[in-house]
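Next come the structures, one after another.
Look at the two complexes coming up: chain A is in both, with chain B in one and chain C in the other.
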Partner chain A sequence: MNAFEYASPQTVQEAVELLGPGWQDSAVLAGGTDLLSLMKDGIVSPRRLVNIKRIRGLDRIELIGDVVRIGATVTLEQLLRDATIAARFPSLTQAAAGVTSPQIRNMGTVAGDLCQRPRCWYFRAGFGILATGPDGEPLVPAGDNRYHAIFPEGQAYYVHPSSLAPALIALEATVEIHGPQGTRELPVEELYRIPGSNNERELNLGPREIITAITIPANGVKNATYEVRQRQLLDWPLATASVALRLSGRKVVSARVVLGHVGPRPRRATGAEAVLNGAELNEQRIEAAARAAVQGARPLSRNGYKVQLAQVAVKRALASLA
Partner chain B sequence: MAEKQRGRASDRLRSGISRRDFLRGSGALAAATALRTATEAAAAPAGAASVVGPGPVPVTLTVNGQTHRLKLEPRVTLLDALRNHLDLTGAKKVCDRGTCGACTVLLDGAPVYACSVLAIDAQGHKIETVEALSPDHPMIQAFVDHDGLQCGFCTPGFVMAAVAFARQNPECSEEDVCRGLSGNICRCGTYVGIREAVVEAARKMRGAANA
Partner chain C sequence: MLKADFLKTAWPEPGKRIWIGKEVNRIDGVAKASGRAKYTYDINRPNMLWGKFLICPHAHARIKRIDTSQAEAIPGVRKVEIVQGEGSEIVFHGDEIALVVADSEELAVDGVRAIKVEYEVLDHVVDETNLDQIPRGNRRPGGRRRTGNVDEAFASPEVVTIEGQYGIPMITHCCLESHGVVAEWTGDDELTVWISTQNVSGISGQLANALKIPAGNIRTICHFIGGGFGSKFGPDRWGILAAKIARELNRPVKIMLDRDHELLSAGTRPSGFARVKLGVDRKTKKVVAWESTLWGTGGPGGGGTSISVTPYIFTRIPNQRREAYNVRANVGPRRAWRAPNHPQGAALTMTALADAAAALGVDELQFFLNNVDLTDRPDVYTQELLIAADLIEWRKHWHPRGESGSGPLVEGLGISMHTWGGRPHNSQALVHIYPDGSVDVQLGSQDLGTGTRTVIAIVVAETLGLKPEQITVQIGDSRYPPSGASGGSTTVGGVSSSTRRAAVDALEQLFEKVAPSLGVEPTDLVARNGRILSKSKPDLSVSWKRACRTIGMEPITGQGRQPDPEDQPLASQGVGGVQMAHVVVDKDTGVVRIKRFVAVQDCGLIIDLKTAKSQVYGGVIMGIAYALYEECVHDPITGRRLNPNMEFYKLPGIGDVGEIIAHMMVGKVTVTAPDGRKITIDYDEPGVIGLGEPPVISPGAAISNAVANAIGVRVPRLPLTPDRVLAALAGKGGLA
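Up next is the complex of A and B:
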């Protein structure tokens, strides 16, 4: 790991001022569970780390009116154990429980989960976010792509590893971002972008911006997350689905279905939502929604199995609400 | 096997010196040079937002009830500070990427990967390492009794994760142990012994002083 400067500000304002204009200048340090590994591997080498864990008020979960506000440095363990969250957003509790290492949950933060870098082994081995060879050719389609995207976008074949993002998108959550220009809000759904080159990042976030909180409308939607896994513990899931349904009896008034670990950003399954909207939530509908969720999938040479697993995730998440 | 293990543990107690104690005799001198006086630490730049590093800066760590004043670069992890600067080699460096659990220590009672925490960030927290446990601690004894180890390299991390888990879950089942210790791996595959050991030790630790 290259040497770096370190600062531990007490306010968000100070933290923003300590960040530099380029990605190589500085990085925000929260739990560090991903950042420090990336730095040890030389994948990123920021000249300064700005620790945000000592900023007061960022480590709280609050119910304010009909909105739940989760501070950026709330740990995954805090989220997992929070009664306010468990009562309203079981899909988030289930997603946090899916981070199956107490040590990671004790340090890892909710904002860190959203901002962690892809686990693509080509990226982690230094081939860039788009995993390209010496002539710029993509390595994933002809390589070992067993855990890669079945919904690739542009030149991006990695899957986004966030556990919480699919659930937050289904729940219509928003991130609160502080930067030199002040505060802005962004739906979690719009936080992710597809990099056009290896020099670009996969987040709609500037080098001088910090996610300070996540807000979720507590509007009574029924919600669930289901993760399909190979190992039950200490590993990433293979495919996940988070669903949020507004129900009137057994009738679905409106549905949001989001797939995780199938593409470079969490994927809204709008086809599945259309199948569910206005329909009765029964076995046939659930089957049809799962089929619609993977329509248009373009699996690679070794990950066709994920098409089936993504359907299973959708079915089980929906069935848990039926 | 269990008999043999226990025999070795008592040999160590009788002679008062282990192979490790001998080997680290030379390291202790080097570690001592890393220690700095309290006066120097107090002279550190004030103000929380001041930028420090990349060179060595004063770092104060509270490990197993003792305060240590060190001078470390900000990039030094808690694991490297413990092993290379404080001569506490119980926490092991294996993957160094927050995946295997061999470096597990407790931060304010909660298990964390010491390889994935900066030493400078661990200031102000209570750090517990395996060295804090006496050799007759119920968890250590249970690991010996149930053959919860073979090569032993993952054991200190497992024991610390298990102690933290057992303090919270005295009435745990083997199934609970699987989930509670999911952040540690043993490549010798001694999981069966570890599960039994933790269930037994958790019950013994309840109400025991200094457990």
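Up next is the complex of A and C:
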């Protein structure tokens, strides 16, 4: 691991000032469950780490009027055990429970879950976020892509690893971001982007910006997450579906269906939403929505099975609300 | 000292055993659980240096240039040793190129990163699944065998023919403690090495050759080891380099492999693939013909494919034609992996037999029972099959293949059987009885986590009439009398025999000292419950402590060895085991879960029932790991290993293994065979037999058979991951 500076500011303002203009200048440190291994493996080598865990007030979950505000450094374990969350957003509790390592749940934070880097084994071996060979050719399509995207975008074949993002997007959550220009808000859905080169990042965040909180409207939607994982021991999901439904009796007033681990961004399944909107939530509709959710999938040579898994995840998430 | 030889070394009769065969806790359990047990990784010496390797990122390459100048310029980097220099051909991802030794682990890593290597990348072979696509030069014949007349057998109208293909991939040992060493010179030609090893008594001799100093000047220490499984018998490149550089720099040097390095370089289990054709007699349902083409890779050197273990156990099939090929591939080199060749043999044989049973519409249990006479120990297997069937509730849960209901969650049962030798290795032991009554026992052996320390304590305690916790067991140091390496399930037979003889020898000497003070003959004495008693005068006795006061100044030293041509054998070899799996498969997701796993095992006379069962649990868990999760994934383009980490080189957690039932065959067991015959076997009679390997052999086949029973089709190759299960259900199952 290269030598680096370590800063542990007390306020968000100080933290922002300590961050540099380029990705190589600095990195925000919270739980460190991903960042430290990236540094040890030489994938990133920031010159300075800015620890945000000592900043007061970032580690709370609060119900403020009709909004639940989750501080950036709330741990996954805190989220999992929180009654306010469990009562309103079981899909988030289920997603946090899917991180089956107590060590990671105790260290890993909510914002860290959103910002962690992809687990693509080419990226982690040093081939860059777009996994390119020596001549710039993409390695994933002809390589071993059993865990990769079935909805690739551009040159991006990795899947985003966030456990919480699909649920947060389904719940119409927003991230609160602090930077040199002040504060801004961004729907979680818009947090992710497709990098144009190996030098770009996969987040719509600048190097000097820090996520400080996530806010979720507590508007009574029924919601659920279903993850397909092979192991009970900590394991990345092979496909995830988070759903949020506004129901009137058995009738779906409006639906949000989000797939995880199928593409470089959590994927809104708008086709599935259209099938559900205005319809009665019954077995046939659920089947139709699950089919629609994976329409247009472009699986690679070894990951066709994930199309079925994504479909099953949607079906089971919806069925748990029916 | 005069050897008296009036006591028998034979193991006590069943009714007279105090500790042997009981469930005794590990004597080092608290030390391990509390962290007081020190592993090689925990050894840190004053002024110690750290070594880290630069490993090759290519599957096959030639080194054109190496520039170490920037690494050498880093303050704190003390030495950069080129392991394989310019012009060398590297044949697998992970092989060592250079070693950096520095003041700290972090500086050594910095040094490794600062080395510049220019490679000429060469063509690689990393995929051996399709025998016909392997380049000729990478394929070597591994033997042909013929018995009877296969063609005639298959041509008979009475014979039903079943064909299938099966595979079990290359995996690694993935020891919880990676390989490594700390080397410290204590004089010009005196070396101490702390090394994570299965071979405490054998390391010094191997190092001496490389270092050109007398083997007796090298002290090897390994008190605790975090797993070896066959991959830790030698000092290895890192051990020799650590010692050499420690001498050169006159500072202790520590090298522990990083996880990726360990997974890439420190040993693999060869893969096995087979195309199998079976002939079964329509009426008798007996297997009458076997034809197979077997292949696999053991790394760049090839090898590791054994023609002698497929068909596995059912070696008496009357008509056989077999051929084998060894594939040389640019993948990590093989090392012995717990029960070498046997898991492959089981995975390629028991699956084919189960497919034959399913094709004929015969209950798998009946089919195996019906064919046990094709094995070397039909009576043992018959007993074990029937006992395992009861424990897994075969009658209640079995159904014909695929007839498992309509929902997504389906259940199934599967069987596999195995054998192993487990002969005792050579061993010498010293038992000391001191005037203060304390007792210690010394062997240059090692406890791989199997319970060897506890077994040694039990044998001494049983012999001397004491408690296991009263015995100080000293192992893990080459200064003690030599014992064999712990491999091939040879330890328990070896150390229990030598220890028993040493303890009996010591006790005879004690009896000779004590007898005069009691006014009886030494032959009249017995040791029991912490006392020395007279057999002829029941109220005449003396406490152990008081008896030891008669020893005088010098302690008593009892000596024991294995083998001992002057004594009867206390250990032997040859066991059988049967395992059955009960699985639940989600047909929509392809996820397989273990509901219950039954392991019925014979291993001769059991010294400690508790650690014996633990061995079985461990073996079964390791087997579940390779049945469902483990495989080395290689990139078809670059040839690199893609999963040299514990994130994607998957192992199960405790929540993934289900309920495991370990049933040990002990004492006299009588079972009524299906034909009404009463079979009685005394499992203690052969003496002690090793147990490390057997329980890991069958899980792959048993679980694969259970999955086939559940979902109605065979998933041809392990591990049974969701993609492969779904492909098989979609009729697209293959060896990939």
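The criterion applied here is as follows: the second predicted complex is superposed on the first by the 322 of 322 C-alpha atoms of A that agree within 3 Å, B and C clash if a C-alpha of one lies under 4 Å from a C-alpha of the other, contacts with A are read in each partner's own complex, and residues count from 1 in each chain.
The working rule: a contact is a pair of C-beta atoms (placed from the backbone, for glycine too) under 8 Å apart; a residue touches a chain by one contact, two chains touch by 3 or more.
It should be emphasised that the depicted structure is a prediction, and the values quoted were computed from it without experimental measurement.
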| item | value |
| --- | --- |
| Touching partner for A:Gly42 - first (chain B), second (chain C), both, neither | second |
| First, second, both or neither for A:Asn2, with chain B first and chain C second | both |
| Touching partner for A:Thr100 - first (chain B), second (chain C), both, neither | both |
| Partner chain(s) touched by A:Leu233 [first = chain B, second = chain C, both, neither] | both |
| Touched partner set for A:Gly32, first chain B, second chain C, both or neither | first |
| Which superposed partner A:Arg146 touches (first chain B, second chain C, both, neither) | second |
| Chain B versus chain C as contact partner of A:Arg302, first or second or both or neither | second |
| Residues of chain A contacting chain B in one complex and chain C in the other | 1-2, 100, 233-234 |
| Contacting residues of chain A [partner chain B, same complex] | 1-10, 14, 18, 29, 32-33, 36-37, 39-41, 48-49, 51, 53-54, 77, 100-104, 106-107, 233-234 |
| Chain A - residues contacting chain C, complex | 1-2, 42, 100, 119, 121-122, 124-125, 133, 139, 142-144, 146-147, 228-236, 238, 302-303, 305, 308-309, 312 |
| Chain A partner contacts - residues on chain C that touch it in the complex | 106, 109-110, 113, 588-591, 628-629, 633-638, 640, 642-643, 645, 647-648, 650-656, 721-723, 726-727 |
| Of all residues in chain B, those that touch chain A in their complex | 48-55, 57, 73-75, 77, 96-99, 101, 104, 107, 110-113, 115-118, 120-121, 161, 164-165, 178-183, 185 |
